[in-house]
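Both of the next two complexes hold chain A, though its partner changes from chain B to chain C.
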Partner chain A sequence: MDILFIIQQTLSATLGVNAIIFALAAIGLNMHFGYTGLLNFGQAGFLAIGAYSVAVPVISFGVPLWIAFLIGIFNSILFALLLGIPTLRLRADYLAIVTIAAAEIVRQIARSATFNEWLGGSDGITGKFGKDFFDLNPFKAGINTPILRFNGNDLWVVLTGWTLVALITSIMWIMVNSPWGRVMRAIREDEDAVRSLGKNVYLYKMQSLIIGGVIGSMGGFVYALSRQSVQPDNYGTALTFFAYTVLILGGAARVFAPIVGAMIFWFLIVFIEQVLRAGVTSNLIPDWLIGVNQVGQIRFMLMGLGLMLLMIFRPQGIFGDKKELTLDAKA
Partner chain B sequence: MQKPKSGGTEFASTTAQTPGSAKPDPILVADKIMRQFGGLTAVKVDHVEIQRGSITALIGPNGAGKTTFFNLLTGYDTPNSGTWSFNGKDLNGIPPHKVARLGMVRTFQLTKALYRLTVIENMLLGAREQKGESVLLSVFPWIWRAQEEAIRIRATAILKNFKLIEKQNDFAAALSGGQRKLLEMARALMVEPEMVMLDEPMAGVNPALKQSLLEHIKELRNEGKTVLFVEHDMDMVHEISDWVIVMAQGEIIAEGTPASVMGNRQVIEAYLGSHHNTDLTSEGA
Partner chain C sequence: MLFFIALVCATFTLAGTAANAAETPTKLYGVITGSTDQPLSGVRVSIVGPDGFTAEVKTDARGAWEIAIPIKGTFSATINEGDLPSGQALTDPLKGTVKANVFMLGVDLRLLFPIGPGVAKASLLERSAQLIVDGLILGLIIALAALGLNLIFGTTGLTNFSHGEILTFGGLLTYYFSAIAKFPVLIAAPLAVLLSAFISGFLQDRYLWKPLRKRGTGLIAMLVVSIGFAIFLRYLFLFLFGGDTRQLPQYAGQAGLELGLVSITPKSILTTAIGIIFITSATLWLLRTRMGKASRAVADNPALASASGIDVQKVIQAVWILGAALAGYAGVIVTVNQGVSFLMGQDMLLLIFAAVTLGGLGTANGALVGSLIIGLFVQLSTLFIPTELKYVGALIVLILILIVRPQGILGRKERIG
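Right, the complex of A and B next:
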């Protein structure tokens, strides 16, 4: 068993591209769900819109990548408005239903044959749309140490990605600790009470939906850039629920929860997989118990078990406050 | 806020003690308000005026439509027909948050303390026109910090008055039912309303706290504010209200001073049923 290799793989995943994508998706959800109480089950839709918005304009229309980023932000604002205008006046559960459906509609449109020419159908889009971005990379050689390894492109995505996460997290921290953030948390507790104090609840909920959605779509930017391709089926409901897992793992309504949650999530997935794989190949785990091909499935089973244990013994997540969680919102 | 005690309490002796009577200086006027839920007419108020600077009680048996009427006046529900105005401003179609900004702030029958906010946060939330509540300005703390401090000073003063200051850093959920009622009223005051609408302020409040709540309501009147409250506790109605409006089955059946209303035959019948003097045993079978 090559322990150093396991450490290298695990650490690279903990700090890697996927952790950044999930951190951004979960930061957006934290705005929606953690601070405002909006049940958005369609975060994957925002990531998909972000991803397609950087790929399509560059590949199909020759638009510069930097303009494509702006298009992505614009499109996610549009998507948020589309979701919010009919549902935010209604009860919270309607938003949940509409968002989960809307995200699936986005994915189905993306993979439909009708728009094959621009969106690439179920194969998605592959191409060098991130060239402008990777041309700026001063670390083209990447990094290869015994405990951490990234190729040149990944290293550049990781460095810029975590910088973006840090920037967004700092702004979020200021915002949620401002009077604006206080109104948001109050809406999470009881909308009608907030209305009775003269606040336009609808407007605030819309702001939350837009801000969280735009942050989510930035996760989509990273997703698309890092792979130089966009696959529609990567943006299914599973992505949304993994993002919720990341958020709850860290602790909802805590600014640093999405970052730590995403790191732990990917640490566990890769660590379990690598240990199992090493165990199987070195025959420490007998073949009749786990075969090589079963490692991928077993790691999710163990992951699920771990999450169940977390919910039982630490339902508030890593950063959460148990006392706060036990306060029944309608006591 | 700085209005003098404009005879808010003396009007009672000169005003007609009939449903829908005109008041010398009404702050709230409602006309032909009708609210139906399917076939049920929950509220059918022909005309009512609330005197500025007075404490007016809205009483009536369960299901009389008091809370529905409250919801209609404050924009939480929309009537099928009718007009109503506050300070001369037509409130038809005005959403709740704008009603509050106009100076008419309500509380709720089921207390709506914001549980996972601290007591002081509940209070700070109430203040109007906060720069830091704008999404764009929220990221520049130096713009709103001074205003926030000024609001905090005002909030602290009100909390002291309401004897909640020791609890200021506790979650609102940690308060007792009565303290939550106090907090809700204190929070409403942060909006600096001209008129306070209290929906059953005494429900579930222990007698010791009740007395202090009563004092706070009287204090509001002394500051020139108008109070309209829904209440079941007749002792309280008697003790503090200048005027009493009685609803039954959605309509206003009587108005007048506490003493005159309590003696009104229609009111007694509405509460106890018209046969309350007949012997039930002889009536049966």
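Right, the complex of A and C next:
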């Protein structure tokens, strides 16, 4: 068992691309769920729209990458409006069902053979659409130390990604501590009270949905760029659920929760997976119990179990305040 | 369908244990299924590639085919349309040949041939009739699962995202008793339903949800718990059962009976008929018996029901047992007719939710109406849109109806905003 390798893999994942993607997705959800109380289960749809908006225009229409980012933001605003107009008047559990359905619609359309020509069907799109972005990379050699390893492209994504996360988190901090943010929290606690003060609750909820959605779609940008490919099936319901796990792990309605949550989430996942894998390959865990190909399945089982236990025993997460957020303001 | 497997694979490579298969051949593969997802066996697929490479493979009992490709280049796979059974044809005649670009060996490629009710072979009337029958059967399967989901929602307020796994569990039990323990299906199926009622119903409520209710865990917290539970179960099933769709050995290749305009297999008729009996009895139970009435009273107002002497916990227990038995039987129908996979509950879950929401959350009859509408809509929409997008149509209708009538078709008109 190579302990140093496990440490290297685990730390690289803790600071890695996936942690950034989930941090961005969870920051968006924090806006929706943590601050406004909207139970959006369609966050994967926003990420998918972000990812496809980067890949499709560049590959199929030769649009410059920087314009494609703008297209992505525009599309996610459009999706938020489409989603919000019918659903924001509904009760929390209805909203959950409709948003999950909407995200599935996005995924199924993206993977259908009908739009194969533009969206690539179930194989998705692979190509060098991020060339403009990676050309700017000053650290093409990457980094390879005993405890941390990234190749050149990943290092560039990681550096710019965490910068983006830091930027968005500061903006979030300013927003939620403004009068606007207080209205949001008031909506989460008691919608009718806010309405009686003459505020347009519907409009505020829509703003929350759009802002959180745009942040989520930026997670999609990172997802697409880091892989240089977009696979429709990566944007299924599980992505949304794990983004919620990240958020709840950190503590909903805390500005830094998504970042901490994403780091801990990926630390645990990769650490457990690497230990299991090392155990299986070195025959410490017998083959009849867990095969090499089954390590990933065990990992997902633990993720599900972890989400359950977290929700039962510590719904406020690691940093959350139970008094500020009772998860049931809406039910 | 292959989403989770894909995710598992994707995350494998993520963790840095990337492809070590430099010299392993690439596998071209696919599963050919018909308009109702039934596997089509004995369909020939021919593959042509560079350097005079040609090969022909036939689909097996699961409708699956695969071929190993030793060299890089562009390959084209052509389905032999003559091998498709009557009533089944390519939804797009131009998609009979699919190109695959093998640019890296060891990376498997999945090829799709979208197949629906035959455009060329059947008249519009025949296709519509067949689709209506298929739609009613699908509607029944959804209704069996939806009734339990809705009753549980009505009595406990739990939006249960792990309800689909009850269906999968029923299917897996049927497969276990039938294919591994070698019981006849006629014994395996009732056993599966009974065990579903006991394990997925009684035990699940007793040891998971009842303690949570006692702790005063909130409804949204329970919703999230059910999501975690669903993920846990789904991968437990994958761990124990594997990722492929398996058919029961008994009645596997049963031929359809031609009844007037439609073709339907005897096993489908029998399982559907029993399903109708189940759902009718369940509805009568709700309307006529003391316990059924009590369950509706609890759904309406738990505090008042409790005050008037109804044992609320007992009612909830009864509802769980009934709901799990019905959902387990839905799993039996799917397994007998289309085969079982660890994802089948997950695939149905959104349709079940759509049906329940459409009919009105918490109303028993609403779930039935909603299910039939969704079932019919999903199948009939394939007359106008590609088969692979049929679920999209149903989900769009769900959203549209919620704009016009947010409480659902039979829902009580109270404030839900």
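To be clear about the criterion, the second predicted complex is superposed on the first by the 307 of 331 C-alpha atoms of A that agree within 3 Å, B and C clash if a C-alpha of one lies under 4 Å from a C-alpha of the other, contacts with A are read in each partner's own complex, and residues count from 1 in each chain.
Keep in mind that, in the parts below, a contact is a pair of C-beta atoms (placed from the backbone, for glycine too) under 8 Å apart; a residue touches a chain by one contact, two chains touch by 3 or more.
As the structure is a prediction and not an experimental result, all values here were calculated from the model.
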Practice task
Using the superposition on chain A described above, determine whether A:Ala113 touches chain B (first), chain C (second), both, or neither.
Solution key: second
Handout entry: First (chain B), second (chain C), both or neither touched by A:Asp287
Key = neither
Problem - Greater residue coverage of chain A in the superposed arrangement, chain B or chain C - result: C
Exercise for the section: Please indicate which partner A:Ala186 is in contact with in the superposed arrangement: first for chain B, second for chain C, both, or neither. Expected result: first
Practice task
Based on the superposed arrangement, let me know which partner A:Met175 touches: chain B (first), chain C (second), both, or neither?
Solution key: first
Practice task
Report, in rising order, the residues of chain A that make contact with chain B in one complex and with chain C in the other.
Solution key: 327-328, 331
Problem - chain A contact footprint on chain B (complex, rising order) - result: 74, 76, 95-98, 100-101, 105-108, 112-117, 121-122, 124-126, 128, 130-135, 137-139, 141, 144, 148, 171, 173-174, 184, 187-188, 190-191
Practice task
Report the residues of chain A in contact with chain C in the complex, numbered from low to high.
Solution key: 9, 12-13, 18, 39, 85-87, 89-94, 96-98, 100-102, 104-105, 107-109, 112-114, 121-123, 231, 233-234, 236, 238, 241, 244-245, 248, 270, 273-274, 277, 294, 296-301, 303-312, 315, 326-328, 330-331
Problem - Parts of chain A lying in touch with chain B, wherever the complex brings them together - result: 171, 174-175, 178-183, 185-186, 188-190, 192-201, 207, 211, 323-324, 327-329, 331
Handout entry: Contact set on chain C toward chain A in their complex
Key = 2-4, 6-8, 10-12, 14-17, 92, 95, 109-110, 112, 114, 157, 159, 212, 215, 217-221, 223-225, 227-236, 238-239, 350, 353-354, 357, 361, 386, 388-389, 391-392, 395-396, 398-400, 402-403, 406, 416-417
